[in-house]
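Structures incoming, each one as structure tokens.
Each of the next two complexes has chain A plus one more chain, namely chain B in the first and chain C in the second.
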Partner chain A sequence: MEIFIQQILNGLSIASVITLIAVGVTLIFGLTGIINFAHGEFLMVGSIVTWLAVSNGWGFPLALCAAVVVVAVMGFALERGLFRFTLDLPTNGFIVSLGLIVVLQHIVILFWNANQKSIPHPLTKVWEVGGVRIAAVRAMVIIVTALVVTLTFFVITRSRYGRALRASVEDRDTAALMGIPVRRYITGVFVFGSALAGLGGALLIALFPITPFTGGTIVMKGFAVALIGGLGNLTGAVAAGLILGIVEGFSAGYGLSQWTDAYSFALMILVLLIRPQGLFGGTSGPRIT
Partner chain B sequence: MAVGVNKAALLAFGLGALATPALADDTGNTVKIGVVAAESGSFVSAGHTLPAGVSLAVKEINDAGGVKVGDKTYKIELVKRDDRTDIGTAVAATQELVRDVGVKAIFGSESHDFTLAMTKITQPAKVLHFAGNSTLDTILTDASVAPGGADHYLFQTEPREFQRSGSTARGVLSLLQPMVDHPIKKSVIIAGNDATGQFLSSYYIKALKAEGQEVPDIIFYPPDTTDFSPILTRAKSLNPDVVHFWYNGDSTLTALPQAVELGVAPSYFLFGVDPGIWKERSLSADVPVAMSCVPVCWGESSNPKAKAYFQSYFAAGAPKGVTSSVSLLYYDYVHVLAEAWTKAGSFDPDKVVDALMTLHHKGVVSDDLSFNAHHQVTHATEVCAAKPGGDITCSMQQPPADAPM
Partner chain C sequence: MKTPFRTILPTLVVLVLLATVPWLSPTNRILSLAITAGINIVALYGLSVLFGQTGILSMGHAALMGAGAYAATILARDLGVGFWLAIPLSALVAAAIATIVGFPSLRVGGHHFVILTFAFGQLLTIILTNGGDFTGRATGLDLQAPLTLFGMDLSPLPRFYLLVLGFVALSAVASWAIVHSRYGRTLRAIRENEKLAASLGIDVGRHKIGAFVVSGLFAGVSGVLLTYFLRHISPTQFSSFPSIYLALMVMIGGARLLLGPLAGGILVAFLPEMFNLDPVESRILYGVCLIAVILLLPNGLIAGLLDGWKRLFGRRPASSPAAASRSSVSGG
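== the complex of A and B ==
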């Protein structure tokens, strides 16, 4: 039994990072219509910023904040400099994001080479409860993710800003006529989604080493989760992230471990065949419940 | 139109004139050799050792005046190509080195399946090819290495896999046993699921069984895995006495701290991790950890020649890597090749192969490096073990004479 519980706990920590990515993807797509495949590279940049900061003697909490801020600023610059020109041509935006993957990877390789990078675990304590081991660093990742996602949920569902945001997705022109600054909101959502990727990157490098190519695998899973949950659906992204993390943990633990990624994407294909709108129903805008 | 053609002819003539001095220099005073290695990508820790080891040997030979072939002395020019741990890039780089650069010999790559693909280019072109891949054992046969055979110009600079796996398994168990308070009976192997991992682990499981181990499972993981916790938890459920992390040094070092966190086993073995890295990174575990080097350790060696070699190697700018010792599967053989050229008195590949087959070289790895009838070397492997928070013990393990049944 303790092995079973251990596998669930194992899955939760990586599921947390994937959920952060999926929430970013689903918010950006659902609220702005931008399909940003370079979102994984945003995460990778967040990891690199964390690594640089920690390597230069910064504490992990400060490094994490730096990662969030740097990637948010990068998101702002890229939305204003690139994606805003493709808002009416989503396919062009998609191609731009693919190009951005290569550009960002090569910038990182140029300055900091392609080797693996890691930081010392910010928390080293390991608790043992009934034969189940819980690493403090993994618990930290799960708790931070839960807090951030909960906060995001409440901002989108309960705040005036969130309501205005959803109104602009329903009908951009009417929302603009009602005085909602739609353009600014789109930028704001892109920046917030980017900040989530920066946070995910900081949390990821706290757990595992990263390379300039780490973003590719993670973003694929992030999109898989967003699709399984239903694109644009925040609740769906969280639930699907947890499902995928646990499926991965169980597939490696009880099935053919070398097929871990294949299980994730097989699940995505199955869900999309049975429920094309995703498990929780996808929309072109946010559906919270 | 005529004017256009004339301009083109003049341009071609001009470019040809520019190229002529380099061509003359190439055929006159230098001989080119190539290296194809993973200087980036997932296998970089092993890959970057090739150009570093070969470069050091080339520098030593050139500083000593060059290589004498017949009546002339030549400097060696090394042309390096990064395969980016990508088989297509490795094949393209080999094509370029053979067809365009005109190298006389190629060293690499360190990825087993890559080398097998590269031989399809080097061998028909009669380019001497040296690679430390034990997978070459599957193609180096009496017929293939014979004159006119498919792999006559191919040389394996690492012992056969049953030898390397056999010496490693024996060393790991004999070093760990005194550090563990109960008999070591059950081993679980965790290996990367690629061609190299599948090939190597198939031999290692036989070697462990030959040492009396029960091996309930080999758990494979996708090569770029960083979260090992699910498969480590699976390994833990099998109650192993030793978990053997086999074979990628970088992955191994990612997996070990997670294994220690989860308390998977009372001892571990890290294939291809040098005790030097263990000390440099101040790694520790609350249980004994064995390590093996391919073939001799740089951090703590019982080989008397290793210290001087690694001093020169790192002084030349090579980074202290997990598997820096892999460079020795290449360094010695540049000297062997130079000796063979001198002995043959020619760059004629057939004459050089004949010379290589009769050479006995005093190298770092062994005082008597020579190729057997299948173009393969045999030498010992070094295995070390770190006590919990304590000393590291190393010993050279001689290879078994025969493969386990």
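== the complex of A and C ==
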């Protein structure tokens, strides 16, 4: 029983990061129709910023804020500079994001080489509750993610902005006629999604060492989770993230760690075969036929 | 019947010119680059049928190449099957895997399919890595089989180059034949308007899978050439990122013209050499080129150049340049 709970806890911390990515991916796709494959590279940049800040003597909380801000600004620049021009042609936007993967990865390698990078655990305490060891750092990651996702959920379902946002997803043209600045909302959502990726990057490097190629695996899991839950469905993304985290945790705990990366893909393929709209049903995006 | 032949003529001329390369005493490095480019181009012609004609983007094409490469290597190791028999057999293996991968495309369209193919690429890498001695784990497999044609050893670089060029020519002709067949017209109808095509009685799902399987055949052949060239293969060569580079090459060259894959493959292979760039810099350059091409010349470099040529020197203005550049690479 201890091992059981232990594995769930271990799986949940990494699942938190994946859920952050999936929420970003799902939000951006839901409103803009942009499939941003470079989202994982946004996360990787967040990790690198955290690593740079911590190596220069900043504390982890400050480094985390820096990562969020830097990646959000990067998201803003890329939305205004690139994705804006592909809004009418989602496939082109998707290909642009592929180019972006290559560019971002190799710019990071160019300046800071391709080696593994890590920071000392920001929290070293380990609690032990009835044979289950809880590392404070993992708990922090889970709590921060839970807070941020809950907040996002409430803003979207309860606030005026959230309502306007959902209206834009339903029908962009009508929303625009009602005086909702849809273009500005698109930028806003893209920047917010990028900020989540930055946060995910900071949390990830608090858990594990990262390399410039980390983004590729994480973003695929993020997309897998988003698709399993139903693309555009926030609740689905969170639920699917939890499911994946638990599955991965068990796998690692019971000696099948070499297959860990395969579950998300296998699960996604299975779900899409049985229920193409995802487990919890999603939008198919604003202009995707 | 005159027009279809005119479309393949420039490609054949270019190929004949390229066939003279070994007599210009190139360095081994140039020949190796040219061979790698040629091997990629074989797969690119498959991608151009899939993406250029049908409008489906595959992000798992390197995995299909890998299926061909592993099939050829394992056939040679366990059954002593040589190159010439491995070509059709491995192409069939790759096509079979494409069928398995393509099946979900019946259920989900467009972007889901792209993400699925990407995931299949990753999944295959994991399976190859965990396949034990059969797939050689993370270190991969060595190929010891000789490569001969009528008793002549084909492994020296100039001969291997001509062999690859032969396969490039074959795939160009095959892709041309598909484009100008009834089948090609059906695929284009699906690309332009899926619902309309379906209402005309075209089985859209079956043809989409068909196009994917056909492109898998090309990828399989390309994989066999690759393993016979490198003599060693490992899982990471066929993961998702090589697939991105393949997509990038076909996009830079332009997927709809017969010269496109040729231009894309050659440009991407030789650009870093021409500008003396290290691998990291050249990859940044690829990425930037891809983004620039998509934003500025959505139909690819060659189509863009032809457009510009027509606009500058054409007797009458191109039918509608604005519409042509808007028509984009969308679809799926």
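Throughout what follows, the second predicted complex is superposed on the first by the 282 of 289 C-alpha atoms of A that agree within 3 Å, B and C clash if a C-alpha of one lies under 4 Å from a C-alpha of the other, contacts with A are read in each partner's own complex, and residues count from 1 in each chain.
Everything below uses one rule, namely that a residue touches a chain if its C-beta (ideal position, glycine included) is under 8 Å from a C-beta of that chain, and two chains touch if they have at least 3 such contacts.
Here the structure is a predicted model, which means the values were calculated and not measured.
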- [ ] For A:86, select first, second, both or neither according to whether it touches chain B, chain C, the two together, or no partner.
- [x] second
Open item on the list: Let me test your reading of the model: by the given contact rule, A:248 touches which partner, first (chain B), second (chain C), both or neither?
Closed with: first
Open item on the list: According to the stated criteria, A:100 is in contact with first (chain B), second (chain C), both, or neither; which is it?
Closed with: second
TODO: Examine A:157 and indicate which partner it touches, taking first as chain B and second as chain C; both and neither are also allowed.
DONE: neither
Open item on the list: Touch test for A:109: chain B only (first), chain C only (second), both, or neither?
Closed with: both
Open item on the list: If we overlay the two complexes on their shared chain A, which of chain B and chain C does A:6 touch? Say first, second, both or neither.
Closed with: first
TODO: Could you pull out which residues of chain A sit against chain B in one structure and against chain C in the other?
DONE: 109, 217, 258, 261
Open item on the list: For a test of understanding, state which residues of chain A touch chain C in their complex under the given definition.
Closed with: 35, 37, 82, 85-86, 89-92, 94-96, 98-103, 105-107, 109-110, 216-217, 220, 223-224, 227, 231, 258-259, 261-262, 264-266, 268-269, 272-273, 276, 285, 288-289
- [ ] Please name which positions on chain A make contact with chain B in the complex.
- [x] 3, 6-7, 10-11, 13-14, 109, 113-116, 118, 121, 126, 128, 133, 135, 207-211, 213-214, 217, 248-254, 256-258, 260-261
Task: Contact set on chain C toward chain A in their complex - done: 57, 59, 103-104, 107-112, 114-116, 118-120, 122-123, 126-127, 129-130, 194, 240-241, 244-245, 247-248, 251, 280-281, 283-284, 286-291, 294-295, 298, 328-332
TODO: Spell out the part of chain B that touches chain A in their complex, as residue ranges.
DONE: 40-42, 44, 193, 219-222, 224-227, 229-231, 233-234, 236-237, 250, 254, 257, 261-263
